[in-house]
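Per-chain residue numbering starts at 1, and chain names A, B, C, D, E and F are given in the order in which the chains are listed.
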Amino acid sequence: MIKIEAVIRPERLKPVKEALTEIGINAMTIYNVKGRGEQAGLEFTARTGLFRIDELPKVKIEIVVEDQDEEKVVDSILLAARTGEMGDGKIFVTPVHRAVKIRTGDEWRYS
Amino acid sequence: MIKIEAVIRPERLKPVKEALTEIGINAMTIYNVKGRGEQAGLEFTARTGLFRIDELPKVKIEIVVEDQDEEKVVDSILLAARTGEMGDGKIFVTPVHRAVKIRTGDEWRYS
Amino acid sequence: MIKIEAVIRPERLKPVKEALTEIGINAMTIYNVKGRGEQAGLEFTARTGLFRIDELPKVKIEIVVEDQDEEKVVDSILLAARTGEMGDGKIFVTPVHRAVKIRTGDEWRYS
Amino acid sequence: MKYGIAKPIAALGVLTFIVSMALPSVSAAGYDLDTASMTWIMVSTALVLLMTPGIALFYAGMLRKESVMSMLGQTMMVMVVVTLIWVTLGYTLAFGPSQAGLVGGLDYLLLNNTPYGESFLVEGIPDAQFMLFQLTFALVTAALVLGAVAERTKLKALLIFIVIWSIVVYAPIAHWVWGGGWFEDYFVSLDFAGGTVVHICSGVTALALAIVVGRRGSSIQKDRPHNLPLVFIGGALLWFGWFGFNGGSALAADGIAVNAMVVTQISAATAAGTWGLINYLHLGRPGVLGMVTGAVAGLVGITPAAGFVGPMEAIIIGAGAGAFCYATVALKHKLKADDALDVFAVHGVGGIWGALATGILAVPAITSDAGADGVKGLIYGGYDLFFGQIATVGVTAIYAFVISFIIIKVIAMFMDIRLDKKEEMIGQDLIEHGEAAYDI
Amino acid sequence: MKYGIAKPIAALGVLTFIVSMALPSVSAAGYDLDTASMTWIMVSTALVLLMTPGIALFYAGMLRKESVMSMLGQTMMVMVVVTLIWVTLGYTLAFGPSQAGLVGGLDYLLLNNTPYGESFLVEGIPDAQFMLFQLTFALVTAALVLGAVAERTKLKALLIFIVIWSIVVYAPIAHWVWGGGWFEDYFVSLDFAGGTVVHICSGVTALALAIVVGRRGSSIQKDRPHNLPLVFIGGALLWFGWFGFNGGSALAADGIAVNAMVVTQISAATAAGTWGLINYLHLGRPGVLGMVTGAVAGLVGITPAAGFVGPMEAIIIGAGAGAFCYATVALKHKLKADDALDVFAVHGVGGIWGALATGILAVPAITSDAGADGVKGLIYGGYDLFFGQIATVGVTAIYAFVISFIIIKVIAMFMDIRLDKKEEMIGQDLIEHGEAAYDI
Amino acid sequence: MKYGIAKPIAALGVLTFIVSMALPSVSAAGYDLDTASMTWIMVSTALVLLMTPGIALFYAGMLRKESVMSMLGQTMMVMVVVTLIWVTLGYTLAFGPSQAGLVGGLDYLLLNNTPYGESFLVEGIPDAQFMLFQLTFALVTAALVLGAVAERTKLKALLIFIVIWSIVVYAPIAHWVWGGGWFEDYFVSLDFAGGTVVHICSGVTALALAIVVGRRGSSIQKDRPHNLPLVFIGGALLWFGWFGFNGGSALAADGIAVNAMVVTQISAATAAGTWGLINYLHLGRPGVLGMVTGAVAGLVGITPAAGFVGPMEAIIIGAGAGAFCYATVALKHKLKADDALDVFAVHGVGGIWGALATGILAVPAITSDAGADGVKGLIYGGYDLFFGQIATVGVTAIYAFVISFIIIKVIAMFMDIRLDKKEEMIGQDLIEHGEAAYDI
């Protein structure tokens, strides 16, 4: 099993959720984070000179799925989260040994 | 070493912490998340029809322990977090390569 | 690729960010968490006796880097986050299978 | 029309004081207007009006974050419903010419015979102004009730309850205490600014509702106020507004109003301190929520007494209010009812203490300035007043409790009065209003 | 100097009422001071002053959390700029002796001839007090405008706009309506507390600005108010302050002030209820943000009418305000303009409805008490008033819209008037003020 | 009893003005009551009372989220302690018949001889009302002090400090400046609403405390205000309340009160604008926290002058207050003391500037209306006033600083006055009150 972690723009959360629902992926965990990208934020001008805002608000979603679902989930997030502008975010895939459903106590697999 | 991530009901946090303390597990990291389960939330009725609330507040706890502690930690969370109703949450186990204690800089192992 | 997760004191976030910038690491994801350490918090005195505060505010940062950067990132965080007092936090290193840049859809490697 | 009740009200502030006496007749032309008093009552009206949102904030801050909008929304509902009922029917039932002492007649239905430029009922201020000032009290009373049944009671059921209750509980009690009702024929009693009408009435109504509606579910994290600064803002607005509540109840810009403000401040401060001190001794640390609650308890306690006691009595009343309300809250878990925000403990108990303390401490010199000549507290030998206080407190409490209990029980026969378990877990904000309080 | 306009203003409250009549001359010594009225207007001034931060909170709570400080900061800017302009130039342009009916003369430049201890302009209160009371209205009007162009308009551009607009839009309109300008020569019309001057003017100015500034970008998550309790606090302060706004507009502690307060309360409550009810029928759940907005709509609606109608008319006006403003908000997405916080829908539409309703419903007995003898609503056969209302609404709306449109267009020629896309995404708080609202 | 000081106070507003003159004697029967003035002072009392929670919110919002409840709790403690001390002892020490000019006698101990229905001390208003109005000033002064030592000072130590300080610092200074103390025998000076008594006194007391208590630890994230809208709410309540603070200090509903309100508004707006402008020039962006702080600085600056200058002087005073306080805050890091919330920079420096500006700008025509006939600013040749201002400022500042320093030093001998490092890290809210401000 794998965990797909995506850091996306807050305003793309809704499209991403809809895209995932369409491919049958409902379960996910969502939280707000702040992110610095490779450019370490954005630069702006004030009267006295430049200033940099380096922590931008992002949303992180975590989805645990079976290994074979990786492609379709990643693709679907990519499509729904992309604006083409800097700051669209990243997707990370990490291994999961085991998943348990608390209500039943059973090992869990994404159906 | 492994990381045990549990997404639980907010009101079960206290029992879970107590249960873990009992088996000697103190260290953990806790944060609030929003979650969608497999049913994609809950449905309710308003005057004009049904509506769905798909992001429910959950609490996520992360506990890094030695491999051999996996069973007792998972069991203890299962017991304390369960209500038997939909939405009890999930537990995920993922691998951890290495842990370092910042204060000393030493490699760290759960004692 | 690996993910370095560090749980640190909130007031050490700035030094850590600066230290990382110095070694060329900009990208990271940051969020607030509450943590219990191995001592399960701190104990204080009130008129009627002792009381314990077991969830302390911490900041968690996540940095995905190439395997070969592990040492320099960990060392740099260790140095910047350390105060030498209890509660300095921990660093965990976990495996990452794959990283994708959403803007381009390309596989991503830390340059 | 019987304007006979006007003079004592005018002279005494809003109060129950009723001693058998021959009321001097008032000419059809009414009283002269007093512009300073009008100004003071206009200001007091605005101040008391602000207390209703003050209560909403005070309450909302104490709830978990999923129940905030519902508290604010229920308060808006009270603003709407109680205002409309009062101007159409409630006012005349409370202050219309008494019908056998039980309720006011319909002379002021739809605000008929309620001129904005002439004074018949209360010396010096126009009848419409008295009506509006009284409306703000009705609003406060209804809004207070909401705290007991927070986080679980359906808005629609509350709405229907408030409609009926305004007519069959609040208006009659206001009539008995302030509107020339039957109390005056049987009891010597004093209620300067609404210890009985506002606080005891809301406190016992709240208790009745809490019993019938039932406890909140276990999925609700109670006792974790989501926003204490909001509670503080609400408390500050209440303290501020209470100067209009008690000061304005003199119904004139006079020394009694001044004294009411003085004792109000003293009692609130004393009660806040008492609460903090007991809290410190009891649990080791003085909670700020506790001190603010204590201040409110002190304001409640002084309400019936504000026109009849002096500064030193105010200290006693404040200390008592802090102590008794603290004790009630501390014993609350023994109660079967889930009075979510301690409405009974603070307003019920505080109101009863204030009413009895008035009966014990009322200072003859002050009561006579306030127009209640010869009425005095127990320690000055005023047995009739003390027993009058007990009687009016008892009658009000029982009436309000029983009728409220019946109303809500009857409503429950026709509709769901509370959220189901699943809805309760999600929280009333999303379920009933479709709004989350914060996106921070 | 021509003090001829003084008497009607004094007698009527602040209002447009102008019927041709021979004005009795006032001696150079001025009127006697009336200390009760002075007290009431001092209080009302403080109440209306509080409305400006009230608007800021009401607005800021509705925005996303990245635009909070900018709304508060823009309001502070209005406090600064409008105060300074008013005391130097604006007041004399509005209330100085009329120059051909178009604008006031410069007799009161820098508050010359504006004594704090003598009364020439308005009977009973010193001129400086009238000036200050009027300032609070200018503040409210300017602050209201900000809501339409929130989250994207540069502070510097807004500052320049407000400076010019205060002088060439607000002051002249205030002159025409309240300062003895040309309206009185052509129209029979009534505006008790600023339906035209404050609400229609701010509403259409807001619309003009929103059109020129353009829509917010897609990266802004709209319709997710970040802090609804803040909106509630703002709304509560507005409701509270409105008693000074409408009550104080009687410019005296009299029955008309009392009546204004009564109808204000009724209209606000009715409109809040109407909004909630329609919301429930329309979308299934009554939103609390909606109910609070409805209350504001009701307050807006009653503003021009408060001195001329009674309680039952207030119910009609409130219900209409709730319904019409709700409808406008609901149809908003059809609008090209991005009026971020519905300034036009609530203040523009609410103000127009209130003005027309005054023309329809004005009660002869009340208008005559208010000094507008013989002026009456359409249903009492007052055609001249009804058409006068339409005319003054139309003239005001067109003038304010066109001139505001031109001002902001001209400013846009010389500087960027809005944030760029990247800045907008980050949010105005960090970009323009370097401050995040919260660190919770 | 010596009621001789009454007349000037009555005539002048609360002020130091003391020129040697033969005071006309007042009959034992006292003055007539003036109901309009009573109304205005009742309102002003409520307004100033609201400032104390306003300060708490203004301060609490600027702290990190772990120190919020402690600021609110300390303010509640002040409400309790200062109220109780004032009504028992403080008032008589401040306003009792002067004992050799140093302190008031004990004639009003426990509010003896402080009638609510008769006027001896201040013409037109009852003594009890004057007492209550003055109490609200004592509350504000004590509450202001708390900001300097926020986030680290133990509640118990603060409580003991406030008790002693109220008696040996505040009451005597109030006596010297307003209560007929020795200042009048030596100096010609003016302090309309408390530049010396309230602002300089709180500012230097704050500094003394901050020095003795020491800096906050490095684990505290300073300069990250946790909730700026809360600061804005506090600032709004302060601005609003200040109309009672300055306007009410006329102690009558008269032209001086009107003028005080006018100049208050102008100075606040000018200072807010000045701060924003300097901030923009200095750091590139105008901070909103800065503009609000600027407004408070402007309110502080105009406080001693409000009854003695006109609108154009108010612009100068406001601009100076904005500039000087900004400069002090900007240089703050050079200071050894950790004046956490800039109490000295805003209230100390602002108060000193205001007092000196009064000495420079006081307008003869206005001072004479205010009852200080013949007293005039430096630019009108009033050297005695200017030097009197310097002297009273100096004496007050030195006395308050030295005594406060000693008091807290002595307290520190008997107990811990600050949290230890571990406690400070966790934050005072949990450690001292067991409450977290938010659960959002």
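Rule of thumb we're sticking to: a residue touches a chain if its C-beta (ideal position, glycine included) is under 8 Å from a C-beta of that chain, and two chains touch if they have at least 3 such contacts.
It should be emphasised that the depicted structure is a prediction, and the values quoted were computed from it without experimental measurement.
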Exercise for review: Note whether the interface between chain A and chain B is symmetric in residue numbering, meaning over half of all numbers used appear on both sides, and answer same or different.
Suggested key: different
Revision key, fill the gap. Larger contact count among B-E and A-E belongs to A-E
Review point. So, what's the distance in Å between the C-alpha centres of chain F and chain A?
Key: 53
Exercise for review: Return the distance between the CA-based centres of chain D and chain E, expressed in whole Å.
Suggested key: 34
Check your understanding: Which residues belonging to chain A are in contact with no fewer than two other chains?
Key -> 31, 46, 51, 94-95
Revision key, fill the gap. So chain F residues touching two or more other chains come to 35-36, 39, 43, 227, 233, 283-285, 434, 438, 440
Exercise for review: Would you mind giving me the full set of chain pairs in touch?
Suggested key: A-B, A-C, A-E, A-F, B-C, B-D, B-E, C-D, C-F, D-E, D-F, E-F
Point to revise | Contacting residues of chain E [partner chain D, same complex] | key: 34-37, 39-40, 43, 47, 64-65, 224-229, 232-233, 235-236, 239-240, 243-244, 247, 252-259, 261-262, 265-266, 268-270, 272-273, 276, 283-289, 291-292, 295, 310-312, 315, 369, 438, 440
Check your understanding: Across the complex, what residues on chain C touch chain A?
Key -> 3, 17, 21, 26-31, 64, 94-103, 105, 108, 111
Check your understanding: Touching chain B in the complex: which residues of chain D?
Key -> 66, 218-221, 422-423, 426, 430-431, 434
Review point. Taking the complex as given, what residues does chain C use to touch chain B?
Key: 2, 6-8, 31-40, 54-55, 58, 60, 74, 77-78, 81-95
Review point. Can you list the residues on chain A that touch chain F in the complex?
Key: 46-49, 51
